[in-house]
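Two complexes come next, and they have one chain in common, chain A, joined by chain B in the first and chain C in the second.
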Partner chain A sequence: MIFVELLCRYPYVTGTSVIGIKYKDGILMAADMGGSYGSTLRYKSVERMKPIGKHSLLGASGEISDFQELLRYLDELILYDNMWDDGNSLGPKEVHSYLTRVMYNRRNKFNPLWNSLVLGGVKKGQKYLGTVVSMIGVHFEDNHVATGFGNHLARPILRDEWHENLSFEDGVKLLEKCMLVLLYRDRSAINKLQIAKITEEGTTISPPYSLKTFWGFSAFKNPTLGAEGSW
Partner chain B sequence: MDVGLEDTNAPHSMGTTIIGVTYNGGVVLGADSRTSTGVYVANRASDKITQLTDNVYVCRSGSAADSQIVSDYVRYFLHQHTIQLGQPATVKVAANLVRLLAYNNKNMLQTGMIVGGWDKYEGGKIYGVPLGGTILEQPFAIGGSGSSYLYGFFDQEWKEGMTKDEAEKLVVKAVSLAIARDGASGGVVRTVIINSEGVTRNFYPGDTLPLWHEELEPQNSLLDILSSSSSDPMVT
Partner chain C sequence: MSKSAVDIPPKGGFSFDLCRRNDMLAKKGVNPPTYRKTGTTIVGLVFQDGVILGADTRATAGPIVCDKNCEKIHYMAPNIYCCGAGTAADTEAVTDMVSSQLQLHRYHTGRESRVVTALTLLKKHLFNYQGHVQAALVLGGVDVTGPHLHTIYPHGSTDTLPYATMGSGSLAAMAVFESKYKEGLTRDEGVKLVTEAICSGIFNDLGSGSNVDVCVITKGHKEYLRNHQLPNPRTYVSSKGYSFSKKIEVLSTKITPLKEKVEVTEGGDAMEE
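Let's turn to the complex of A and B:
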């Protein structure tokens, strides 16, 4: 009986990978705008990255309704923080810690929030990038993080090409390189994405845009040359 | 409910086709009228577009029982909210009440809903609340098992800023196309138009709908065909 809540819990409307990297002035994050419903690419304008307070940016993959609920919890958290009116405000480290506790406690009650989260931010010059890996509550920080498929496709690229003090332009190009691979190889990815930047000054989330794809390999035109009947 | 540990990539299909569309001045909600229990059609003329307040309606899909109880609760809460507020509730509030029930009972409920209406602050608005309790404001929304057949149709035919008549025609055409291919959808097409002037209900029985591929003009009897045709239609 106690397992009923977990057994009956499966995600319905889901978002796919989120990628985050540290760069010279703060954090850059990228996510597409897809909300999949099983294998159907049902919703194509879902914002999966949202600013939290003054210093943080949250990106989520997994069940969208649980992400929306998390945003409500965070809204309340930030509200109560503001009500102290004491000049201090919650930084990304604190928000990340709060999220970890929420996720882990729900997991202990067999009623998880079905998400993987990326939390990035800057406070007093200190850059922070952390991830809550899954509904289990595992969490860690790094210079570059990703959820879902991003871990398998984007992290290897980032391990090779990320370096300290990336410029904004280089950071965006790097993220776009990763997002393009995900677009080619992740079935749940859609070609409509946003890139978000958070610095000491604040957060900006780009308007939605699409990437150009390349199909001009000669092998693509004639893939079964020399092996008729193959694929 | 023997559906635990299923492939997480396969949500349940829900018998019905429901649609909600915004237009220049309001919204048009549409639905089929078939309620099935297994393969039997329990009600061939059901009304799936349910009133929540004077200015907000909801299209119900999935479990009939679940969607009815959710709309009953929301209607009750909205009624009290309206008394407290002293003016009509907004579409956003209605949709969020639906979301609250859908999200907090996600383990037990199997219903996807489309909330649509008109209020003086935001005009015509459509909110989709699919399985799980996500809430998404959209220019148009489709739901139910019949909606699978309409994604391509709407990708092609949807336009921003339609007139009331264009919007209603689109909805009727779409529900009719879904009925043609989805076994769980059928019967008549019902529409509800909501704008600043009020609410209009329309009813489109099968014989008023266009015929699609491989569908034939309905006849009273073979005998009419035989008597009216000159050559002998009974051929081997």
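Let's turn to the complex of A and C:
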């Protein structure tokens, strides 16, 4: 007898939002390095973005072990593709399609991979940025995508301020703006993030760094000044 | 004898006698009617000289927009306004009630109302009802002690903040505030930032929409800018306009006032102590 509860499982170690945008030369992606164990911030050096093959970059939020399982599936996929040795390699569109099929298939068997994915890449000058929205396997493609809280906090900013042909510096500034809002307002975010870039030349994932936060509003120093009775 | 004592309902509070029966009906598929919510974006901002409040104008009943242009910025006192999110009836009733309590208090003390007074009256009421009065409010005003901005949650807790957002669109609006707020904004910068935050809520949240209302309160002066921005105009408007059929002709007009016009003399007798 199959117990659905056994198969559906619950996420244990989770990562929070990932944001991805298209820019002039390719795709920029940002994610922090936190792995939360319920409400504890247990792991602070989790790399949630990985290059896939020559042309793609995958970022994931949700259960970290399921992300690692996905990396194994993709490793096998890329390996078999390389073994053909035919001069062609899988592009981001193909990898995104494969990921969607895997996620949807697992969902149909009531054994989902508890992740939301962002996949970006460049192949032969064509930029591609897609997302698999949830463990159910919904997917779409857009100029800017985010997972988790990023949908509520980062996408409004991106809808207003993204435009075609952002330079690298402008793209990083935009991503940092969104990550700062997430840092202020998402309880599972930490101030240690990486920015990943993928262009025709290849993938670069920056070393971890932190953002400057500002807490010096005079209203924060003495909020109840002149308002006795409130707190 | 003792039967009449049993029939008198308890004073104050809500009666939860029908909850079990409602749950039983819900299980059988008979759901209670949806009530009108102001699934909303409301914001408040403290700037150089005072407080700016902003709100969208969509009221929803479940998935339907029942009012495209409702007013969510409620009057509390000449120097205090309050934006309300949550159940429309609750926000209206609670702000009206506290507004009249403030008026009576003004007559009693002879002074301008303070924002903390409104705050305490609202939080007392909401806490008393343990969150069942679903009103989430952004209260702002300028009194003798300066400009103040508070948020009040349905369970009765409050926050005192330089910038605040509430409602379903609060995350979209807060994203704008967190990236663009600075201290010491001028009036125009403040109104622009508030409008941007409300527009962010209108376009990124399904529970908010239609137009932007803004209210600027400074010392001794307030400006209620109803429909300050209309970012959702009607796309297709018939060029013919509306005309009524010519069959209805006005033959004669006669106006009879129902009451005599009463003359009010200014000044008159002063109120007794």
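The rule we apply is simple: the second predicted complex is superposed on the first by the 220 of 231 C-alpha atoms of A that agree within 3 Å, B and C clash if a C-alpha of one lies under 4 Å from a C-alpha of the other, contacts with A are read in each partner's own complex, and residues count from 1 in each chain.
As a convention for this text, a contact is a pair of C-beta atoms (placed from the backbone, for glycine too) under 8 Å apart; a residue touches a chain by one contact, two chains touch by 3 or more.
The structure displayed is predicted, hence computed values, not measured ones.
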Superposition on chain A - do chain B and chain C clash or fit: fit
First (chain B), second (chain C), both or neither touched by A:9: first
First (chain B), second (chain C), both or neither touched by A:206: neither
First, second, both or neither for A:218, with chain B first and chain C second: second
Which of chain B and chain C A:227 touches, first, second, both or neither: second
Partner chain in contact with A:35 - chain B first, chain C second, else both or neither: first
Closest approach of chain C to chain B (Cα atoms, Å): 19
List of chain A residues in touch with chain C within their complex: 149, 152-157, 159-160, 177-178, 180-181, 184-185, 217-220, 223-231
Residues on chain A engaged by chain B in the complex (per definition of touch): 4-5, 7-13, 35, 37-40, 42-43, 45-46, 63-65, 68-69
Residue ranges of chain B touching chain A (in the complex, touch as defined): 1, 3-6, 8-11, 99, 103, 106-107, 130-136, 138, 148, 151
In the complex with chain A, residue positions of chain C that touch it: 46, 115-116, 119-120, 145-146, 148, 150, 158-162, 171-172, 174-176, 178-179, 183, 196, 200, 203-204
